[in-house]
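Two complexes are shown next, each including subunit A; its partner changes from subunit B in the first to subunit C in the second.
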Partner chain A sequence: MNNTVLTEMQKDALTEIFNIGMGRAAHSLSQMANDEITLTVPSLALASRKEACIVLSKTAGGRVCSVTQQLKGDFTADAILIFPEASSLSIVRLMVGDSYPGNLTEMEEEALTEIGNIILNACFGTLINMLGGEYHISLPTSKLGSCDDILELENKGADEIVMLLYIDFVLKHRTIYGHVAILLEGDSMPNFVKKIQEFLGTYN
Partner chain B sequence: MVQLLGPPELQISLAVNILRILPVGLIVIDSKQSVMVWNEWMETASGIKEEDALGEPFASLFPHIQYGRLHLAILNAIETGCPSILSNALNNGPLPLFFGTKNLMQQSIHIVPFLNSSNERCALIQVMDVSSARKREETIRKQARILDEAYKQQNALLHSIPDIAWLKDVEGRYLAVNDKFCTIFGVKSAEVLGKTDQDIHPLPMAEHSQQTDRIVIETRAEKRYDESIITAEGKTIWVETVKVPIINESEMIGIAGVSRDITERKATEERIHFLAHYDALTELPNRFMLFERLDNLFARARRDGTQVAVFFVDLDRFKLINDTLGHPAGDVLLQLVAERLKECSREVDIIARVGGDEFVIALTGIREACHITSLAKKVLKTIGRPYMVHGHTLHVTPSLGVSIYPEDGEDTATLIKNADRAMYQVKKLGRNSYEFFNKEMDALAVDQLSLENGLRFALERKELELVYQSQIDLKTGAIVGAEAQLRWNHPELGLIMPNRFIGILEESGLIGPIGEWIIYTACEQNCKWQSEGLPPITIAVNLSAVQLQQKHFVDMLSQQLKKTGLRADQLDLEITESVIMHNAESTINILQRLKDIGVRLSVDDFGTGYSSLSYLKRFPIDSLKIDRSFVRDLTSDTNDAAITSTIIAIAKQLNLTVIAEGVETIDQLNFLHSNDCDQIQGFYFSKPLSADDFAIHLKSGIQRVPIESAVLQ
Partner chain C sequence: MRVLLVDDSALSRMMIRSLLSDKFPDCEIVEVGTGDEALALPASPPFDLITIDINMPGMDSFEAAKLLHEKYPASKMAVITANIQNSIRKKIQSLGIMFIAVIEKPVTEERMEKIIEAL
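Our next item is the complex of A and B:
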């Protein structure tokens, strides 16, 4: 993995930012689920899109559920929340408080999109708060498919750098693992790194 | 992106009008959360007019949203520019926008931030009515729940079956298995689902299962069969399997199967099969099995042109052992006999027990007749060896009858019947021997059956008659006695001599009533003659061995004497030598009791058996009757002459009267007279006569002059 793009300090800072965001997301989700939910980002890693696909396929399995939101501004990025298909069902049904067999229904898919929306908004919110700047953020869309489909491996550069966040999603004493992949497009990475460095600079 | 044309004022007006009429709720709020756009849909849904809403803080129109999810999402949009989705499923409790109790619509809300021309962040709130979608989904959920319950019920049903049960799809993949399935095959339900038989079972078992699956799929019909399966413990068990096609709207969708453990039933069936084909006591094939195997044997012999010998083996006097030592001892003896029969024969020969003490041996591969006789001799010798049973040493001898395929019959039943007849002949001739079947026996046997039937009614139909043959004192020439002989006037066959039916009488038990009748009639007749003034004589009556064994024979006899009033010493009971010598000890006892009553006792057919002189001395007998076979050849056979004179000498020594039977010629008479014989009986003087004729005969004294001269010279 190419970790040289970000220094350890930058990575620590980002992990911290995302953890603050997760705290806010967990608060929202807990209120909605009427049960305590904790969300943490224990680690952050950088990888090529191709490597990311391999890693995600290994941990999330063949079919995954994804919620994507795009951010455009000083840098452009797709943020994709990825859950294994079975986990996505568990999360929705634990949140909605219902249990019956079968695939995700339309309403449930919408609910999953909202959950993803809350988590991704939290990531974006804290990121924007910390880094500053004006951005346009799209509404979330959900998609079911293989990791390759979700990360659009075929359409986009296989060597582009992807930022992977591992997320522990603890709900009703069950830990469900998910990932957030942040795909910075084209020349966005240098701008993004610059923004982080500026943010760190304000503290130094 | 929609492009509107025309001057800006018109564009705005157009855009606002489009927003106003869109069939979703549209609200635009500015950075201070005041309502800037409120479309017609919102007017209708909320009942708040556009003019009342515009410029108002959004929160004041819906006070309940304070700090709720919607409120936070609006703040998130305006403050950080993040759009939000409020799904119906997660925001279902208190509706995001409460439109009054009359309009509890299911909503889904999108909040999208945007910058206005003054670069202030505003938010577009889009409200969608998803009630119908929600309702549709609830219906789907309800159906799903019903399906789920059905699935659970199906599983519960499956698990409640105490037999091995499963469901498979048409590709042979397991859809469900029950607990019993898992226990028997040592698998977990989760491991099996989606797998095929080949993944679970040993190959031959899997192939068999798949083969029957195919049949069920092809025929679309239930299939039921017994099979052996191997359990997880490596045990082979028998199961009865039923496979049923699962058909949904004429489409074959799978197979349901149940296997019931029938190991125990199988064992019982095998036991039943054994009991049906084998004799439980000796474990030899029984009659049924024998017939089955003999049928095959004869069929093969017919093809090969070979012979088969059928031996019918009956144990002599087995009944006596059963009666005296009890059935358990009898059973042990039969088992030992069965063992010895096995010793005698080869593996290929068939030995079966066909009745109480009856066995059949079938001998194959005969090259010479001596094979048959040597087996017969071997059986006689082996079975004749003493047995130790319950501490008793037992002697038992067999009687063997032999019939040969194809000479003596072509089918099993005939051959066994004929061997039986030959065996019967052995019994008649003194037992402990063997005899080959011949055609005369067959005729005799047919006779016997009809004779036995006839005998049952002979008494009441008065077909039986006694005739009397005189016994002459050789010294005085006087008639001193008469032997009563039985005759049967058969309505169709005419006169029948007793040698043809005595055996039947003994076997059928008719000897009881008929024997009693003989004694009574003879005694009564003797009295009658005396009352008619004829000279007193003794009347001789033949006793059979069976009569002697009768429990109350002695009592019966004394009763008859009392009834008729005959003096006891005027009744002479003739008992054959072989009867006396067999069971000598018990016979002595009975004879003694008879003697105590006062009747005379004679040994009949003397010389044919193997009398022991020491026994003879102990018997309380009065006379010996020399068998007619010696008398017949007296004058031509020096042996017979010697035997006869010896018998007479012994009798004198023992102080017994000697009577010679079957005297027909003057030469015989002369020989007997010169050898000091006491009395004679035979055609030379008189044939047996009816009671009336005998009365005349007795009255007139000796008719035949030659005897006068012979005796009185």
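Our next item is the complex of A and C:
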């Protein structure tokens, strides 16, 4: 992995914008869960799609639940929320409340999509507000599978270079943990870097 | 005016610096990226204002804030953070430091005004 395409300041700006977005997401999530959310410092890497899978599956494990939203505008980016499959019912319980009398499995997809909507929109919203521009955000879609499936390794090619920005979070008392990642494909990188540079230019 | 900015993000320091310099063109701004670096600075001359981020690498930010308050008791202190969870706000309150403001990132002119008004 290398980060040669970005300057130190651009890398710092990207991780800080992501950090602010995740701070907002954690605030919403902590109010819903009545629990403190611990966040790691965001990491940024340029990696092949296969390497990105390895990074994301390291702590989430083999089978994962994911929610993805796509941002389209001056550049295209995917925001992906990933949980280990084993956490999924805990997440449903978090969303519907501990006293929900119905079948939790039936609510699984809806609960995952909604939590993804809250977290991923906070990240994209911050990115859009800070960088400026017109964008469309797709509806969230949930998927169950391996990280290879989630990142569409087979369709898109394992060797394709992507920009991966990710953060780990933990809900302290509910033993739920996961990752939020923003992934940019090669074609989008020059425009994305241009937007970051324009943003930085407003402070110089 | 002498200001110390404690934040691991160069972007955030740049944004705070820019807003402060607009208001106080003659102010002297010292920037550091961690609590440890802040505490390694000389005790004199003191700072009029110290802004500190929560969630920095190295020393725990709450501990760093406490120690900085002990080292510079006359300095006004403000927290500028992306982590706005209620539990974090409670931890900030429990430090026993009279922060002049706790503001959410990103720093904007309007948010910075809260700090400036309290100086």
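Please note the rule applied: the second predicted complex is superposed on the first by the 159 of 204 C-alpha atoms of A that agree within 3 Å, B and C clash if a C-alpha of one lies under 4 Å from a C-alpha of the other, contacts with A are read in each partner's own complex, and residues count from 1 in each chain.
Note that in this section a residue touches a chain if its C-beta (ideal position, glycine included) is under 8 Å from a C-beta of that chain, and two chains touch if they have at least 3 such contacts.
Keep in mind the model is a prediction, meaning the values are calculated, not measured.
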(message) Taking the superposition on A as described, I'd like to know which of subunit B and subunit C A:Q31 touches: first, second, both or neither.
(response) both
(request) Could you let me know whether more residues of subunit A are touched by subunit B or by subunit C? (result) B
(request) Could you look at A:E134 and tell me whether it touches subunit B, subunit C, both or neither (first, second, both, neither)? (result) first
(request) Using the touch definition from the top, say if A:V41 reaches subunit B (first), subunit C (second), both or neither. (result) second
(request) State whether A:M107 touches subunit B only (first), subunit C only (second), both chains, or neither. (result) first
(message) Looking at A:M9 after the superposition, I want to know if it touches subunit B, subunit C, both of them or none. Which is it: first, second, both, neither?
(response) second
(message) Quick one: is A:M22 in contact with subunit B, with subunit C, with both, or with neither? Answer first, second, both or neither.
(response) second
(request) Touching subunit B in one complex and subunit C in the other: list those residues of subunit A. (result) 31
(request) Within their complex, state which residues of subunit C touch subunit A. (result) 8-12, 14-15, 18, 55, 57, 81-88, 104-106
(message) Help me check something: in the complex, which residues belonging to subunit B touch subunit A?
(response) 69, 72, 76, 80-91, 108, 110, 112-113, 115, 130, 133-134, 137, 140-141, 144-145, 147-148, 151
(request) Would you tell me which residues of subunit A are touching subunit C in their complex? (result) 8-9, 12-13, 15-17, 19-20, 22-24, 26-27, 30-31, 36-37, 39, 41, 126, 130, 200, 203
(request) State the interface residues of subunit A toward subunit B in the complex, per the touch definition above. (result) 28, 31-32, 69, 92, 95-96, 98, 100-102, 105-108, 110-111, 113-115, 117-118, 121, 124-125, 128-129, 134-140
